[in-house]
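Across the two complexes that follow, subunit A remains constant while its partner is subunit B and subsequently subunit C.
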Partner chain A sequence: MKEFHLTEDQQDCLQELINIAMGQASDQLARYLDTFVYLKVPSIESVAAAELIKSLSQQQDTMAIVSQGFFANEGIRGEALLVYQEKDSGRIADLLGYEPGELSQDEQLIDISSILTTTFLNVFAQQIGNQMSYNAPKLLPSVQNNLSQHLQQMTFSWDLALKVNINYQVTDYSFNCNMILLIPGAAILNIKSVLDRILAEF
Partner chain B sequence: MSPSVLICDDSNMARKQVLRSLPEQWKTSVETASNGAEALTILRKNHIDVLFLDLTMPGIDGIGVLQGIQKLNIECDVFVISADIQPEMQSKVKALGAKEFIKKPVKADVLHDYLHQYGLL
Partner chain C sequence: MLDFNMLLSKKGASALALTELSLKQINVQIANQLNTGLLILNANFDIVIWNRFLQIHADKVVDDIIGQSVFSIFPELPKSWLSRKLNSVLQLNTPSFCSWQQRHHLFELPHTRPITTDSEFMAQNCTFLPIEIDNGKKNICILIEDVTDVCHYQGQLQKALHELEQMSRIDGLTQIYNRKYWQESLDQEYAKAKRHSKSLSLIMLDLDHFKSLNDNYGHQGGDVVLMEVTAQVSKLLRLEDVFGRYGGEEFAIILPETDIAGAVNVANRICKHIANLNFNYQTQRIKVTASLGVAQASDEALSHEELITHADKALYQAKANGRNQVFSVLSNSTVTKN
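So, the complex of A and B:
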């Protein structure tokens, strides 16, 4: 775990890259929903992936998780999870303006998640001179059983999770959505060296 | 004479990015603040010609600083440098007196163009 720990400068650098990525992701969400999104400073914490998965699986109030894999050059890869709370499900349904015969709420959740995840990661990658590719997003309903099973099916193990708590407050309909980036240990080391390269320019 | 400059951003790296993008002759008289409250304290105490201001900060944010500047009748040219690029936010900061909205990450040529435009360079 210790080798994955970020220095103060690395943390500051990562935070700023994330702020810029989040700003553009929120702008896309605002355009998609034709509304305004209030931004707060996102909190970033790194946690052991096993603990996080365990606590997510035990959370009773999680409505749905949308999971999407990403990979880039320089050995950067991971899985982005967007976590929606049960208490927000009504608001999210209002926000999406679901009408029978249109896209189902599940499909809309996947759409929103994919906009947020891909914009966020594209802008992040662009800033570090990289380019992202993605797997198809997948909705995991009834999270309690599915999350650990879903993650276990993947070919590599998660050592560390970078938890970026983003609070999206949408005018009229506020809901919370946490973005969690699960990143394997080797990719963390690669990200750290990219951060060092950026920091060396200053 | 080079103008007195204040850079306000909660990120150390972002402050350095702005500093690095300033015209060479401006780099001698620069103060920095890492949050809105600090910025307002400096603005009250010292005369600042140009403020480069971030929006999303803990505590008093960029909007709070703009409101404080208006309330205290502080004369200073404010350029907002932010990642919150939503059009509604851009018009909001201009309505609160900011000269321009500059998208993060800041680029020297873009910044210099704006400074020229406002006769500051």
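So, the complex of A and C:
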């Protein structure tokens, strides 16, 4: 298990890359959405799969989770989970610039999730000289019962994952959501070698 | 398609005599044999090119569509929504997706299994990719996948699951809820009543002397009575009441948001109605009566099992008092105290 943990240097380096990516992503999003998008400094931590399932399943007020797989060269891959709460999701169509009634609540959640995920990860991939591809985003059916089932059935198996938690806030639309990037065990090793390369170049 | 630069830079490329021309030929042939629609739009959403799949399915002449707006060639497209979506691809330089689960199709294309599916048009998963051609000019590539089969089988699966769920709840003979589902409902209704401080009552109903009815007319006669009684009682209940077969000739009714007085009213109506029924079985006319026990959940922390016990005791008392009648009890007092 120990080989999966990031060293202090690696952790700092990843944090810095994510900070830069967040800045650029928030700038792009603000232009597209025509409103200020605030990304809160993320937390990066290693989590055991079982723990994560437990903590996510226990969030009572979670309304919906949208999942989107991502993959890139050098064995970098993972899954982005966007976690929404009822009270923060009332004006997504408005935020996205759609007319009311043009799209269902499900589609609004999927659309905004895809935009947030791909914008951020594209910029992040650029930072590490990579290019990201994506699966179609999926709304997880009925959060409470199926989340743990979903996580257990994910295409890659993982006991330990790198969890990057980023909070998106759009105050003008009382919008708020959490993006959790899960990077499974084997892909963590690949991230670590990318980080080592960047650190060596630095 | 294939990545020219990546392939040409490979060491083996020269050995295999891979040239830019041969790679182009490969790409063109794949694009035209692919069972996926490929449609390239420029930044004004005019059609730049499409592949054979789309040409065949859209049944339009190539010369008429190149350079035309995608919205005039495919007037069925939801213009303002799709424009906004396409703009996100151009502006954010990110892919975008549209699944058949949210929108069955975007393009009105016929599908290849016209007989066995219920939709006229091909179900589609669409992907919108940002691409750059001619030195950085932004374009959009739309991939249109035919997922009619997936959609069809998903529909069949949902239908089968729904039927299975219904079947697992229903008593085969009487077509009302079975005991298992009825008990689950009581569990839920009981919790709901407690949470919202609403009243909840229960009626247990047992047909009188049912054994001798079976003896006199045979089990088929008994079955006719059971079916007819449940059909008649169902008509006297509200939509939110939960009517279940508890055992042989014993039935149970959950009455949400109903106090004991209301429940006794309903029980009396049921009792009278059953006594007035005439059942025609073969050439004979059968009469039947019922005894009913009524109980209400109290504010005290009783379990729903105890509520059943109280209604059962009331039913027993109705039987002891001479049958064809209703006996009621509040769940916080015993029958004997009443």
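Basically, the second predicted complex is superposed on the first by the 180 of 202 C-alpha atoms of A that agree within 3 Å, B and C clash if a C-alpha of one lies under 4 Å from a C-alpha of the other, contacts with A are read in each partner's own complex, and residues count from 1 in each chain.
In the analysis below, contacts are C-beta pairs under 8 Å (C-beta built on N, C-alpha and C of every residue); 3 or more make two chains touch, one makes a residue touch a chain.
Note that this is a predicted model, so its numbers are computed, not measured.
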TODO: Would you check which partner chain A:Ser104 touches, where first means subunit B only, second means subunit C only, and both and neither mean what they say?
DONE: second
Which holds for A:Val41: it touches subunit B only (first), subunit C only (second), both, or neither? first
Inquiry  = Output check: A:Ala200 vs subunit B and subunit C. Expected answer is one of first, second, both, neither. What do you get?
reply    = neither
Q. Touching A:Gln127 in the superposition: subunit B (first), subunit C (second), both, neither?
A. first
Item to complete: In the overlay, answer first, second, both or neither for which of subunit B and subunit C A:Glu16 touches.
Response: first
Counting only touches as set out at the top, which of subunit B and subunit C does A:Ala30 meet: first, second, both, neither? first
Per the touch rule, the subunit A residues reaching subunit C in their complex are 28-29, 31-32, 96-99, 102-104, 106-107, 110-111, 114-115, 118-119, 122, 134, 136-138
Residue positions on subunit B within touch of subunit A in the complex are 10-14, 16-17, 20, 55-58, 82-86, 88-89, 104-105
Note: in the complex, subunit C contacts subunit A through residues 78, 80-81, 84-85, 88, 91-97, 99, 101-103, 125, 127
The answer for subunit A against subunit B in the complex is residues 9, 12-13, 15-16, 19-20, 22-24, 26-27, 30, 36-37, 39-41, 127, 198-199, 202
